[in-house]
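You will see two complexes here that share subunit A, one where it goes with subunit B and one where it goes with subunit C.
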Partner chain A sequence: MSEYSIINTRAPRLDAPDKATGRATFIDDLNMPGMLFGAILQSPLAHAKILNIDTSRAKKLPGVKAVVTAEEAGLVKYGVSPARYDETLYCHEKVRYVGDEIAAVAAVDLETALEAVSLIRVDYDDLPALFTIEEAMVEGAPALHEGFPQNICAEVHQEFGDVEAAFNECDLVRTDKFISKRQDAAFIEPHGCIADYDLSGHLTLHTSTQVPHYVMRTVAMVMGLPVGDVRVVKPYVGGGFGPKAEATPLEMSACILSMKTVRPVKMNYTREQVFLHSRARHQFIHTMTTGVKKDGTLMALKNECYLDGGAYTSFGIATVYYAGSLLGGPYKLPNMKYDGWRIYTNKPVCGAQRGHGGVAARAAWEHQLDIIAEELGMDPIELRLKNVMVAGDTTCNELNMSSLGMKECVEAVRQGSKWNAKRGKMPRGKGIGMACGFFVSGAGYPIYRSDTYHSTVLIKLSEDGGTVNVYTGSAEIGQGSDTTMAMIAAEALGVRLDDVRVASGDTEFGVDLGAYSSRQTLMTGHATKEAAEDVKRQVLEVLSEKLNTPVDGIDIKDGLIIFKSKDVDFSAIRARYIKEHRGWSDLPRGNDLTFREAARTAYLARGSIVGTGKYKPPELGGKYKGAAVGTSPAYGCSAQVVEVTVDMETGKITVDKMTDAHDCGFAINRTSVEGQMQGSLCMGLGEAMFEEVKFDEDGRILNANLGEYKIPTALDMPNVEAIIVESNEPNGPFGAKEVGEGAIIPTIPAILNAVYDATGVRINELPLTPERVYMALKAKVEKGDTRD
Partner chain B sequence: MLLPKFDFHEPTTIEEACQIMAELGQKAKLIAGGTDLIVNMKRKVLSPEHLVSLSRIDALKNVDLSDGPLRIGACVTAAALAESEGIKRTFSAFSKGASVLGTPLIRNLATIAGNLVSARPAADLPPSLMAYGAKVVLKKSAGERSVALEDFFRGPGQTVVGKDEILTEILIDKPLGYTGAGYIKLGVRKTLEISLVNVAAFISLDSQDGSIQRARIVLGAVAPIPIRVPSAEQILVGEKPTETLFVRAGETAAQDSRPIDDFRGSAEYRRDMIEVLTRRALEMAFNEARSHE
Partner chain C sequence: MKRLITLTVNDKKYEVAVEPNMTLVDLLRYELGLTGTKKGCEVGDCGSCTVIMDGNPVNSCLVLAVQANGRDILTIEGLETDEGLHPVQQAFVDKGAIQCGFCTSGMILSAKNLLDRNAKPDEAEVRMAISGNLCRCTGYQKIVEAIKSASGWREGSGKSHE
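Now for the complex of A and B:
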């Protein structure tokens, strides 16, 4: 057992009772008096000039309160990265994908709003639409955005060391191509929001978001309001996984409609609109060349990647950088060259999704490393162990592994899966495979250039002394961050978990950059710990004065005050407390002074006791262009082993077992860490085996629903053995770092490698549907290749 | 997605329902579980002025396993079918079909009549029912008729059911002697799937170790309606069941089918899977036939 009383346990989630009983409030549970309903008109065409927009019939429809187009909303450019703001709230000159927003309506009910939308007439002039990277990159292809020839939205060219020279020293160099598919994040709760602009000019936006802070800034900028007049409040959120990490046209439509009508306006995306808004994982096409020595020593990697970006930039610049930078570890790799291109196409916009930019790259590489191991005659685990980094190592692209239990993770899954007993000994049709990966524990820099703190936290003790109130702008989106912050606060202050209440997700509580890049446990955690220590110090100072004993002779543990010296007499404090509470049934008794009495005493001496905490990472990373992307105060890592059965006649894969070891530094809540591991594996399994957003020849999505876009069901998920590895991260609060995204990184390649082990066929394209696997098996038979 | 407006009727007897349908005709749609209809109404594919619910007609909810043919009321749900031990014992392939339809939530609502009348090419109940030689009873105020399921489907979403007719019952003769059947659904994931291909097979043997007397093979999701494959069936009849025989039947079924490419799968894959699944369904049928009596 650890020295701690609260953290590192399996404390139940604070929100569990409310969620289990249906009491938890999500955006769609919220209603306000006088509330209107909004709806958006979206383009039915993939690429067209807008000749005219006629809203007159919509405006005349009884019950319609406002109709807005670019004319009313203006043309303020926004986006994710300030270096590339390329969206306006509504299209003006042209539409760039099926789903591009043209107008919005607020009406007394949703039926009327939808009818009004259908009455808006738009005249278009068709433009040639570009749906693939190849089409879009043709010299002289029509440009989606002026000033971006060949539709290159962003390109990256980096070289660390000298790759060509290193290849010359290698015993084995091989090149492989890998193709992943466009994803949808398939969170269960579609986006929704209520904007409420009041008569004093304050705008409050209740919204299902991962990032209240960024949404507040974008809304203020686009609406032309002082940022202080905009407040963003996040109710419970039913998952985000990335696409909810930016301000949406839905949110901004609700805001402008509320400002026009001075009434609350509620808006929701349908599931189809979630697919159209997208901002989920790009399609990646990687070509990788890796060179090794005979003994397996990794020498160099040349990585070339094309990303199908869709019609706007969103997170894409970061994505195209991550697709290179996240291969710097967890292996010692002295030479790395990366060339990446993100291409605009007339399709919905891709953005960030769990494992941002690193998932396909890792799949491609770990798959290739498996091939290399086989060609060298090495066990895939040995190849990896030969090259793993250890704590203190820095990658060739200058990412510092301040802690790294990579080797421990590999050993843990080797043992946990009984790898040695199974590998190479399974019958045809059954296979076992493994892979590794690492991921940031919070982006090193905010999305906009700033010296801002990444998190500020405020803790206020209730004046009656009973309760510790934590106020944070961080976003509980289902991952359990509120519980994590409560546990950190309770531990740092020395109280029981029941004494802590967390209020979160409100921009009025302070700055927090939100739930993305797996940052909250480390960053919000730091700020929470600091605020709790601040409060503790204040309480102890008062006690020290009142009891005439040195501050360092007093501590707080499990809600009780611990005195080093036996003869501290606190009877006066107790007597006064009891006097104040005559007639109450829960008066403190026993031999120890309680935290409640101490906190009350502090209040009586100093007024409300408020502690603050803040966190921002130190300056991180190199000085080269794009060096910021990939930096983090810490890196989580994991290793996975997957076992599969492949039906050799139909190509259908059954994943039988997954063993995952993840180094999260130090587990604040062990159950939550395992939950993130299980969730990541499930999401990775879906991407590996089923998921692909498909389009018809006019750029319309064919499977914009969860019936035809197939995420794993409970029956597709095998049992997962989740092994927590703790490396004690020096830059993390209590040694903690990420688990939310890193755990998805090895899943796809572990499945790919297991499928190869089962079938003898390498498949370089996702998803591994029965048809794709079957066709690969058939091609092998037709080639007369009978090797198993 | 919002539903269009409609009037709602809830008759409590078959006669009353027939009368309403006779009066409203084109303007009305029957609703059972609504798992197909409501989806289409939300998508605005259909917007009937009237919905006539069958849910309050208790006479449509019975399963009669006593003497004579198995009689299944129109409104029996997939969940009830899948849970019935009697059906599992005698009509294992049909039971299987019901148990792999949708998800538990869908099965609790989805009815057998809705599954037949919605006439989706990939539906899970028609193949095995056709393989068992099922008939359906169609009623209207002016009388009733019975139609073999084989003659029931006209195309995707199209059946012989008239505007004023209600499907009230499904009848299946109990298989006698050494008979068996199998049903296999192939989708991408383990559940909540639309079949890429599904196959039902039925055979009867003249004795436990004898030759095949009758055979029916039904393919789903590879044509506008579920189809039988007479050429493959003929290969089997009169022959001793062997692995090679089943392989040949599978090859013939694949050769004689005309699946199409769509975004769910290619024609080539579907054709190859007909071969594999037909063989496997026949093996299942044979194993059951041998052990049945």
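Now for the complex of A and C:
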């Protein structure tokens, strides 16, 4: 029996009824009086000089209210990492990819805006375009950005321990190359926004974002406004998964157009523009060399990675660091060397996507570990168990595992999947594979260098005492953070879940860095808990004064006041409350004083009762260059087992069953934790099996739609046996940590390893299309390898 | 040149003048204010704009408003009754089948349509019925569970829901 009333249950989400009935408002559901519609002109060429931009015909079109180019918008450089601000809102000297923004128009309706866009004439002078890492890195290749020879956007060189020396002590050292493909996050709601600038100089941006705080800052910087004059408000958001974690040209275009016209301006990306804006998963090419002892002890890893970044940096500096740092655990690995290069190419920009930087790296390594296990004659699970870290361990790159149920996860999936009964006993064409992974529970540092709190939360009790209002800038994007915060607040304060109302996603509610790096449960959760405790303390203090009983003799539980002493007389409080509420039907009765009466009493004594909470991680991690990327107050981890059927004639893979165990510290909402696990595995399955953004020879996306860019349907995704492992994280609120991204990390390699088990063929390149699998099977037959 | 059409949406008759190139989803969302129907792709790939037209689920982005002339349309706003949420809606709430909620309207209508045709679908039939509705959040499992549990409800109660 849990000591808690609210958390660790399966409470239905607060927003579910509104979403089930179509009431929940997403950005495109909003309209404002006098609203204009905006559209963007994007480059049709991958790399070209801009000779001239003529907007005169567009400006003359009836119904057009504003046309903006770099001339009007200025050339303020922005981006994600201040170390690499390399974008301007509109291109001025040249365009760098098909989709690069050149101009924007506001008009009375969308048709007119689109027509005006088509009337803008741009004269270009073609430049040689670079579409692959190899082309872009050639000595003397044309530079996308001045000052970046060989188009190296960022490079990382780290060594922990001494890898070469360790290899010399190894019984087995092997090198494998692994190639993933560029992906799209394919959230179902395209980005949209409405910017609303008023004559008193305030700009309000309603937008489908994961990060209202960062968007506020970027918009203020680019528009030249004080931060205090910019308010960002997030309505319900139809998924983000990473690409909505930065300010977009769409948002900033709406802002500048609204400032020019002093009217609200609505803008949406089409699905094609979502692909063009991208900011989704990079292509990674990893070459890994791993050394082990005969008994399976991991000794050293040398990891070399090239990332195809696209035309600008976006989150890319963090990505290239994560592609190394996220292999530090969850195994004891004393020596690790990482060399990473992120390369500019003339393609849409890659950024952060679920499992940021760690997904392909983990796929490459866990696939290789499977090969090593086989060469050592070890069960892949035994190899992992031989090396897993435990709580209290620190990785060679100084990530501290303050809690880590890795071993428990491995054991859970071994049992849950009936691994021992199946492994090695399945017929040809059927296979079982496993993999592990871990992920941060919130980035240890903000994206811009600052001592800012990562989250501040306000809780205000309604003056009648009946409602607990939580105000947070955090971003509910579908993951259930509003419900999580309501549950944490209710538990910490001692009220019922129904008594709590959450208002979120508004920069006026406080600072919150937003929904990225799986941070909100831990960080916003901490701030929420602290604010609730602050409110509770204030209410108890007033009760103590009024009832002449010590504070530590009073508690609040399930909406009722609990007195240690039996002879506390609260009849005066009740009498006054009833007197104030003559005519109400639900007046408090019974033997217990209610929270409502207590909170009302507190208001009458002190005015509005407001509690505040804040969270900032302690100083974390190492001092080496790049140490910030990968440090976190806590790490979630997971193990997965996947079973597949491979059609040996056609190469078609069916994923039959998935078993996933995830250590989320302590589950605040068990249903939401399972939902994150199942959703993560589904995205991982898509990335393993079908997902690849493809280009033609001119740098245009060939499959910028959800018909040809295939994400899993209900027919592709099997049921997942989701096993929640709880390790009680000391740095988490109520022991909680992440689940939203870590769960995707082992999926791809578990599938790769299952495919090998089914076919005897190793495939080192994604996605596992029937064509790729068929060719690999064919090559094996031609090589005369008859091993099944 | 606008054309006058008449159609029934959620049991209410409308007479509206529409441009010949206006889609049904835009008519519902922007002219009739029924924003529960979502637009995710506008080319019939994602299923977020699913509505029921004369008893069949359709992608309302692929139906012109003029093609809806004389038709009977059911959108997500038409599912609740005086008794509360439709059992499929309630099951989605209870089973945790909703995350971001953007696919939910279309998903619920596809599910409702399945249960109208087949009161006791097996899991394969459930999955087939929603295979035109993309969801990127849930992995579909809790959606499938919700639909199965809603069909169980029908079995027990013997009521029919139109």
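Assume the second predicted complex is superposed on the first by the 788 of 788 C-alpha atoms of A that agree within 3 Å, B and C clash if a C-alpha of one lies under 4 Å from a C-alpha of the other, contacts with A are read in each partner's own complex, and residues count from 1 in each chain.
FYI, a residue touches a chain if its C-beta (ideal position, glycine included) is under 8 Å from a C-beta of that chain, and two chains touch if they have at least 3 such contacts.
Bear in mind the structure is a predicted one, so any value in this text is a computation, not a measurement.
Of the two partner chains, both subunit B and subunit C are touched by A:Thr713. Of the two partner chains, subunit B is the only one touched by A:Phe690; subunit C is not.
In the superposition on chain A, A:Thr769 contacts subunit B only, with no contact to subunit C.
By the touch criterion defined above, A:Lys652 lies against subunit B but remains apart from subunit C after alignment on the C-alpha atoms of chain A. Residue contacts after overlaying the shared chain place A:Met223 against neither subunit B nor subunit C. Shared-chain residue A:Thr270: touches subunit B and subunit C both. Set side by side, subunit B and subunit C differ in how many residues of subunit A they touch, and the one touching more is C. Applying the stated contact rule after C-alpha superposition, one finds that A:Thr21 touches subunit C and leaves subunit B untouched. Overlap of the subunit B and subunit C interfaces on subunit A comprises residues 270, 707, 712-713, 715.
Residues 110-111, 114, 270, 272, 649-650, 652, 654, 689-690, 694, 696, 702-703, 707-708, 710, 712-713, 715-716, 769-771, 774-775, 778 of subunit A are the ones touching subunit B in the complex. Subunit B meets subunit A in the complex at residues 1-2, 103, 186, 188-192, 194, 196, 263-266, 268-269, 272-273, 276-277.
Taken together, the subunit A residues at the contact with subunit C in this complex read 10, 12-13, 15-26, 28-29, 185-190, 236-239, 241, 270-271, 477-480, 671-672, 674-675, 678-683, 705-707, 711-715, 717, 719-720. Within the complex formed with subunit A, the residues of subunit C that make contact are 29, 34-46, 48, 75-77, 79-80, 85, 89-90, 92-96, 98-105, 108, 126-128, 130-144.
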